[in-house]
Amino acid sequence: MLLVLLLVPLFAAVVLAFIGDRRFAPEINIAGSAATFAAGAGLAVQVYMEGPMLAGGKFFFVDAFNVYLSVLTSFVSMTTAIFSRRYMRREREHGRVGHIRMRFYHAMFQLFIFAMLLCLLTNNVGVLWIAMELATLSTVLLVSLYRTPTAIEAAWKYFILCGVGIAQALFGTVLLYFAAEKVLGEGGEALLWTNLSRISGELEPTVLSLAFVFLMVGYGTKVGLVPLHNWLPDAHSEGPTPISAVLSGLLLNIALYALVRCKVLVDGATGTHHAGHIMMGFGLLSILVAAFSLLRQKDIKRMFSYSSIEHMGIATFAFGLGGPVATFGALLHMLVHSLAKSSIFFTVGHASQMHRTQEMDRIKGLFRGNPLVGWGLMLGVMAIAGMPPFGIFTSEFLILTATMKDAPLLTPFLLLGLAVAFAALFRRVQPMVAGDVPSYQKPMKAAHIPVLLHMALVLVIGIYMPDFLNKWFHTAVELLK
Amino acid sequence: MNIHIAAQINSFLAAFVLLTAFGMLVQRRMYGLVHLFTWQGLFLSLNTAVVGYVAQRHHLYISSVLTLALKVILLPYILHVLIQRLKVHKEIETVVNVPMTMLIGIALVIFSYHLMSPVRELSTLVTRSTLAVALATVMIGLLMMITRKHAVTQIIGFLAMENGLFFAATSATYGMPLVVELGVALDILIAAFIFGIFFFHIHTTFDSLDVEQMARLKEED
Amino acid sequence: MKVYPFIIEFLQIAVLLGVAPAFTGWVRMLKCWTQGRTSAGLFQPYRDIVKLFSKDVILADNASWIFRFTPYLIFGAAVLAGGVIPMLSIDLPLTSTADVIVLVALFAIARFFTALAGMDIGTAFGGMGSSREMTIASLAEPAMLMAIFTVSLASKSTSLSQMVHVIYSGQSVLRPSLVFALLAFILIALAETGRIPVDNPATHLELTMIHEAMILEYSGRHLALIEWAGMMKLFLFAALGIATFFPWGIAASGDIGFIPAAFLVMTLKLGVAGAGLVLIETGLAKMRIFRLAEFLGSAFLLATLGMLSYFILE
């Protein structure tokens, strides 16, 4: 099941590299992603029934933490593929992308999913790094797909800054291997996460704390934590919207996943809360800076990119805080943020296609122009801003409670960040959805399945947490202790 | 070859790697940069082979050959072709304040030495002292990417950083496991193709490879 | 008290005085050959000096005592420096009183007075040359000291004899710090002795000359002394480089019997050094004066790297 999960997107990428510009290519894309999702769900059921497992000669490894992210990844990529069918068709009609670029787009989309899944499922910390770099590389040229000066600039920034950042992570990995080799002996065994977590108490604490600084800077760049976030708003706003959706919704999660895995090892080795404090610092800074930057945005996709930074900051902060409640909240937050944010990007994509601009001042009257897009955006923003009864409210509430208990002095800052972000988002969304339809707005058929599905899920999780999800998170919390 | 001499050769090559890193930091001409990068790759490859011989790790020979193929032959060739095709070989970059950059570079070396001293204490390998040089090479690559404003130069800085990382792996642990080394090499290869495509995009869109003019995306107030 | 070291000391100074013009002649000869010209021969510098000594001294009306005093001082400093650097033997009486820092100071004094003399007459060229010379000096001297410290770190002493002795005993051959120091030293030596790419000793072109501009007003025996001192300086830097980085062949004890062999080896090494210098000079073009900061900056960088690699790698 695990191999199927990895091979499907890879196979789809190869197929789409040849026929990605045909009329039925988007359907193949959807079929591939659906098959990936099916495999992911199958794997989840298997893990749910039988517990954590190793596969492929210890090369792959699945536990509660990464299986839930794999299901999430395959699910969101499936819905994004559905959304991208309409979206990219429209872009093609507008003449923004040609044949070759369509082919390239589809192939790279699948390759990107493959890289993310490999990141999640691999047991080898070195391969984790490689897959992360692969995920970056496969999306760089997607960001510059439109070949406008700004798109190329954004992609270049993305390429260079993430390249620099991720290099630091490799150095951290080298140091980690150095420490592990002393305990586990040489050879590939010393980089396997299952081995590392078993002996993390014996690793040299000084080396590990040093390694964590590098890993934090490296993977933190990919998470988009302030002050390493410079590339993120550009990359997320200049590419095609389906790519923005998966970058914001999935790739950030994956990077955070890598960071959390490393943190577990470092905590085990040092026996202190040193790594957690660093993460809390970065997280809180990200929340505050992103919240205040939200106020200044004019471009709609840019604004939601900053919102992604803010939410990643919240999750990082919560993981850094540690403890069962905060970790539970962080896991839940990753899930609901990913669903809500990609849904928002779907509606934003349609909205900007209808107005042929990404400037918020020129987007108006969405409720009347296209109720699905308007309400989708409105509800999405309500969800992402943390209004009950959506799932993000639950996760943020949990995180806030844990903060009040463990670090009460930081609560006001957290609240301030959340409040500012809330205000900034609503101030902007109100004029876009309400009012009359402007003359330049063009009606279009929106892809409604992805938006509805995502919002429904966020709502359901907010009102009633399914039992299996609850149990899952609890297992994951145990793992990350 | 006894261990003592091998250690000396090793530190010697490390010194040359560092020297080439500094050379790249202040070199203005494109071809000069590519040549320095090639030399750095060659020193690295030789060093890996020497370490492999001393430590009796045969997979290091594979890494050494891989480095030779990738960083001494393939990447410089690609860069040469790109520089020629894009007609940037005559472009001379204005490097601001060379002495200052050099001083920062020296500070970075000291910083790396300081940072790596605990690791050095713990290590028993012949190559332990070169780890600081490896980190310094990474840092100088980073500095190069920050101070230079030309796309080709930034990429060379990026590759120099990658060299430093590879060097770090060799000196800290006698190389990463083979699967990781191969994966990293693959990533670099993909990156090479991507920046190749990028150069063309930037060149057609901006009419030059100077990245200074890519400054449209800023926070607006 | 042993007598032989004193004899060797005097021998060495005699060698300095005698061989320095020949070394300059050798460099010029090689340069002529590489450029396809007919050379004036190995002994042309001697003939120049003799000729200048036989000429009258013409002094400007406003020349002060500094102007008249400087040639003797420069010459004296060069001779004294020759007593400090182990050329033939390590066992020199002067090296126990004067270490390598004194050596740098001797060169600095000579330079200082040259610059003063350049300004003394009040001509435009003199002042210009002096200001350029001091610019170079302010950049070259820190680098020079840095390079020397690197070597003295390796030998744990600033005494030249001691340095030579340590390298001589040859505990380690491949020392990255010494390689860096050597590279730095070569750059500094080019700057200090006024060779291409820093200064061109063969030109009197207003825009580029540095050293020649300062001594433009000298004539007769004064000029002879200055020229001779300049030749000795070139010789001394070559000897210093040889002593610190390639000392093999220098007599280790105060035994006078080794001196002829040491002299032979020294001549050979000087020949090679001259050839290297010519290679550099023909390979490079003279730098614009504003680039000099970078050139000497790299020397400083190399010296510092040498020092760092002593700590990091050794």
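A few remarks follow.
Letters are used for the chains, namely A, B and C, taken in the order the chains are written, and counting of residues starts over at 1 for each.
In the analysis below, a contact is a pair of C-beta atoms (placed from the backbone, for glycine too) under 8 Å apart; a residue touches a chain by one contact, two chains touch by 3 or more.
This structure is a prediction, so every number in the text was calculated from the model and none was measured.
The chains in contact with chain B and with chain C alike: there are none.
The chain with its Cα centre farthest from the Cα centre of chain B is C. Once CA atoms are averaged chain by chain and compared with the all-protein CA average, the nearest chain turns out to be B. Separating the centre of chain B from that of chain C, both taken as means of CA atoms, is a distance of 37 Å. Between the Cα centres of chain A and chain C there is a gap of 66 Å. Inter-chain spacing, taken between the CA centroids of chain A and chain B, is 31 Å. Chain contacts: chain A has no residue touching two or more partner chains. By the touch criterion stated above, chain B contacts chain A in their complex at residues 57, 115, 118-119, 122-123, 135, 138, 141-142, 145, 151, 154, 158, 161-162, 165, 168-169, 172-174, 176-180, 183-184, 186-187, 190-191, 194-195, 197-198, 201-202, 205-206, 211, 214-217, 219-221.
For chain B in complex with chain C, the residues that touch the partner chain are 5, 8-9, 11-12, 14-15, 18-19, 22, 26, 98-99, 102, 105-106, 109-110, 113, 129-130, 132-133. Note for the complex: chain A touches chain B at residues 124, 126-127, 129-130, 133-134, 137, 140-141, 144, 147-150, 152-157, 159-160, 163-164, 167-168, 170-171, 173-175, 177-178, 181-182, 186-188, 190-191, 204, 206-207, 210, 234, 238, 293, 296, 298.
Interface residues of chain C, counted against chain B in their complex, comprise 172-176, 179-180, 293-294, 297-298, 300-302, 304-305, 308-309, 311-314.
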